[in-house]
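What follows is a pair of complexes built around chain A, which joins chain B in one and chain C in the other.
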Partner chain A sequence: MKKPAGMKKRIAGLPREVNQIGRTPWVLTVLAYGLPCVFILIPLISFLAYSFFWVKGTEVHYDFTLLNYVRIVAEDIYLPVLWRTCILCLEVAVLTILFGYPVAYFLASLDGRKKYVLLMLLLVPLLMSYVIKIYAIRSILGGTGFLNRFLMATGLIQEPLTIFVFNLNAVLLALTVLLIPFAVLPIFLSLEKLPRNLLDASADLGASELQTFVRVVLPLSLPGVVAAASFVFVLAIGDFLTPQMVGGNSGFTFGRIVYSQFGTAYNWPFGSALSVLLCAVVIIAILVGSRFGNKRGVA
Partner chain B sequence: MKRLSPGTIGFGLLTAFVFIILYGPIFVPIISSFFTVKYGQVDWSNANLDAYRLLINNEGILTALQNTLIVGVSAVILALIVGCFLAMFYQFSQSPGRGLVQFIIFLPFLMPPIITGLALLIFFREIDFERSLVTVIIGHTVFVLALVYRTILVRLQALGMNMVEASYDLGASGWQTFRLIILPNLKSAMIGAAILAFALSFDETMITILVTGTDNTLPIRLWAMMRLGFTPDINALVAAILGFTTLLVVVAARHLIPKEFTSREA
Partner chain C sequence: MASRRLLLELKSVAKSFGETRVLDNVDLAVEDGEFITILGPSGSGKTTILRMIGGFTTPTAGEILLDGKDISGLPINRRPFNTVFQDYALFPHMTVAGNVGYGLQIRGVAKAEIKRRVADALGLVHLAQLAERYPAQLSGGQKQRVALARAIICQPRLILLDEPLAALDVELRKQMQLFLKNIQREIKTTFLFVTHDQEEAISMADRICVMNDGRIQQIGSPLDVYYRPHTEFVARFFGDNNLISGRLGATAGDMRSIDTSFGSLACAVDDQPEVVAAALGGSAYAVVRPESIQLAASGGQLDGCDNKIGATITAVEFSGATTLVRTKPQGSDIEMRVKLPSRADGTALQVGAQVALGWRRVDSRLVPV
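Moving on, here comes the complex of A and B:
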């Protein structure tokens, strides 16, 4: 009598036990939804809310106002700087792709182990101290830096160039050097996905290497290029330390303005409103990137 | 593509050039750590370890290094626990809003660090939570969570449900299944993710500078010192960090790159 009962229980219990995988205690459910909400969503919402508050002295007044946004539009410094910063970051994106595409193409054309070792080497500089890299770049570009002494030694210039010191050009070059690896990666991935037999077919049909590249490889890798561009653009526009370090007084970017509102200017609500604008630009860039680019490249 | 066409050579040369650009800013401080540099001129005749001797006596830097390690290790452990838990929760349970929560987890990684940093800064101020190393740890955890979550989720999806179901069939409890089946299978993904997350945390500057109190991590300390120019011991530190990071990358590569690429021809 006992045995069949036990059997019955076990058989009946089987689906339930399997079901257990999907059945979680409520504490875990609360945590699974709560943790991301408390530490990510709520901070982001409070930051959005702050952009509608206003400040007097050091005190934040918590009543709804659109004054911050009105001020952004009304004063003719914020939107022009945002526009200039967007142009700058687009230039950075274009430059990193001009440098990054050949590298990605070369890496993708290598075989086996060599390819991945070189790819690794390309990514190592990303893990180097970011602050040190900016400092080194600044000292390379500076008046008595390596670049100027090299150019003077080769006789190309007589006097040290100052066009790369403490201005937007310096920011442009520094960001490009810092961000090239981020451009290579998505392009490399899109080139990797390219079926080899398409290249063979193109060669079979009598296309030269250049023709194959222009007519086959380039169009098919464009999604990777777009992904790379949006990737680099987002990283560049969010960077406020590089412009601060190499930009001097004339290299003012939008990120620096935002940061200054939280430091010296001490106007958090206004800074939040500016950041909301920055967010909007970033979201547009990401949407463009994922609409026209390959999503796998970014992920 | 074995033959060397003009195109390949051109691309190869450009690649070499890019590598020089990328590594130039790294080698400058390394060279300066062994040689004396005066007025932008390197004195090659006199290699010494003075910079390293100065480094081990520089308390400010060592404290900052210690803080960085505390933050990095804590953030990685927290991110591993939370990331593993969230990945399992959203992989195994049919909860509504999975996509939305996943999107939220990815936000700090997608948005510029300045946004994440500012959001946390305002949040901490509003809940009256004083800025300290704890806020830095929370900031870093939020930042690296997406990476850890994603790595573990991908591995879980590759693992499939069969093994888990088999384990339950054989009478294992939920905890036993987790400890004996899931965890061992996640090990290499977790190690890889941990190393990458630690590397990210180690160099995180923009979120840290916003959410830190009076405690400095290494990048913040360097940032503060950079205005005055670097002393030789900073160069020594950079060289040491370079060595350490390269080691980490090699170890991470072994865990993250598919086996076929590392074992073949090796």
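Moving on, here comes the complex of A and C:
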């Protein structure tokens, strides 16, 4: 009679295990959906809500108004600055890709350990303080900075140029330098994912290296390029620190306007409305990016 | 078979990666229009040979001659060969037609002609209706045929096939073997086919080059390598040959005897000058295929057999068309395997029964140890 007892125990144990299996994912699910909700969705909703409030003096009035949005459209500073900022960030995206693609291609073509050591070196700047990097770039671009001294040493210019600091050029250059790693990484990954035997097959069918690059490598790395572009664009358009520090008075970007509304003007509702606009642009950029990115590529 | 013109020749080719020697002194001649298979286990260097001919790797030593001219220095894209890769290597961003027409596009062939030739090539591999599909939408067998069409469209002198059927399931592989063989006959192009599958090699090739450990073991027709192995490796590589160790005895004509633990056996050595020349008393194996052995009740008649031994049945294994009988010859520890056509009544074979085994001397060979 011992055997059935043992069997009974085992059968009784079964539902408990099933219960445990059922419970663990439930906790995980709450965490997985709850954390983003608390830390991302609720802040987003709160600033969306704020954009419909208004301010008198330093006091926020919590009743519904569309005045903030009307003001964005009515005053002819916000939309033009937004437009100019978008163009600037597109330029940054194009520049980072033009500089980043060859770097990524070179990295992907290396073999073994060298490749990952160099990739690590490329990513080291990402671990550095953003502010320190901006200072470094500012000193490179400044009147007695490396760039001017280099150009004078080569005899291209006689006097230090002032076109590199405290204007939109400076913002463009600084953002490009800062964001290149973000462009290199997705392009590198898409190149690395590219099966080597496709290059062999192309050469086998008579293609030169250039033909292989144009017909096989470039089209297949396009998703990486698009991902890099939308990555850089989104990061650049949200940046207010870089324009603040190297842009001077003429290098005004949309991010700085938003920042000034929260910081100096203390108009959170208007700042929120501007942020909603910026957010819409970012979402559009991401959608366009993912649409393009999915169209082609290595399945 | 009538002797054909020489197309490609590998002369004393060797390849080392650092300290590791993957190919050692390989001599291989490929005749124009033949279907030659390089057969060997993984790591035998067979794919390295193919990659060297294709130009994907360069030999460390030796020459590769095309029509008598060295092409070792010629880059991949200038060699008149095309490859069917193991995992097809189809371009995922191009349609079937785009893939097949790629080589012609690269050569700057006019659009209308590309279209016509792509249609021809796809017709040849029975894929005309799938021209506008992308590789991701194709089955394994279809991808295989696209890869083949892509390789034949530029009319290469030689088509290199790198284990192209390895990824297919058994049924499909059988179909594709027949299909490849038929295509090869139809377009009369030389095929160099690399595989690790003995059956595949035997059923497709005009000639087989058996490789092991970076060295060529034997080159010959499927019948040659199957029934007339020259080395122990080849003897063991094709199925479950019986290898009986012994000491070499006297040579008489194209026969030589070998002294084994169960007596002297006569073996054919007609195409093996090195075995004929080997010293008396040297170690060797007598090789007999299990299906070449006749089995009779003890004391029964074994017609035409030059070698006869008595044995005890230790196991009978029915496996469909054939039945494998494991026996132990008297006075010996080795196992002799006999493969017989299966019979419905199968009862004639009893484990423990005494039987007589016999085989003709032309069915047994000698290989050096």
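One rule holds for everything that comes next: the second predicted complex is superposed on the first by the 266 of 299 C-alpha atoms of A that agree within 3 Å, B and C clash if a C-alpha of one lies under 4 Å from a C-alpha of the other, contacts with A are read in each partner's own complex, and residues count from 1 in each chain.
Convention: contacts are C-beta pairs under 8 Å (C-beta built on N, C-alpha and C of every residue); 3 or more make two chains touch, one makes a residue touch a chain.
Values in this document were obtained by computation on a predicted structure and should not be read as measured data.
Judged by the touch definition given at the top, the superposed model places A:Ile163 against neither chain B nor chain C. Of the two partner chains placed by the overlay, only chain C lies in contact with A:Leu220; chain B stays clear of it.
Once the two complexes are overlaid on the shared chain, A:Val103 sits against chain B while remaining clear of chain C.
Once the two structures are superposed, chain B and chain C can be ranked by residues of chain A touched, with B on top. Once the two complexes are overlaid on the shared chain, A:Lys133 sits against chain B while remaining clear of chain C.
Contacts of A:Ala207 after superposition on the shared chain: chain C is touched, whereas chain B is not. When the two complexes are laid over each other on chain A, chain A has residues 299 in contact with both chain B and chain C.
On chain A, the positions that touch chain C within their shared complex are 195, 197-198, 200-208, 211, 215-216, 219-220, 296-299. Put simply, chain C touches chain A in their complex at residues 54-56, 75-78, 81-83, 85, 87, 89-93, 102-103, 106-107, 134-136, 150, 154.
By the touch criterion stated above, chain A contacts chain B in their complex at residues 14, 17-18, 20-24, 28-29, 31-33, 35-37, 39-44, 46-47, 50, 99-100, 102-103, 105-107, 109, 111-113, 116, 118, 120-125, 127-137, 139-140, 144-146, 149, 177, 180-181, 209-210, 213, 234-235, 237-241, 245, 255, 258-259, 262, 268, 271-272, 275, 278-279, 282, 286, 299. Taken together, the chain B residues at the contact with chain A in this complex read 1, 5, 7-8, 10-12, 14-15, 18-19, 21-26, 28-29, 39-40, 82, 85-86, 89-90, 92-95, 97, 101, 104-105, 107-108, 110-116, 118-123, 126, 138, 141-142, 150, 161, 164-165, 168-169, 174, 199, 202-203, 205-206, 209-210, 218-219, 222-223, 226, 230, 234, 238, 241-242, 245-246, 248-249, 253, 257, 261-262, 264-266.
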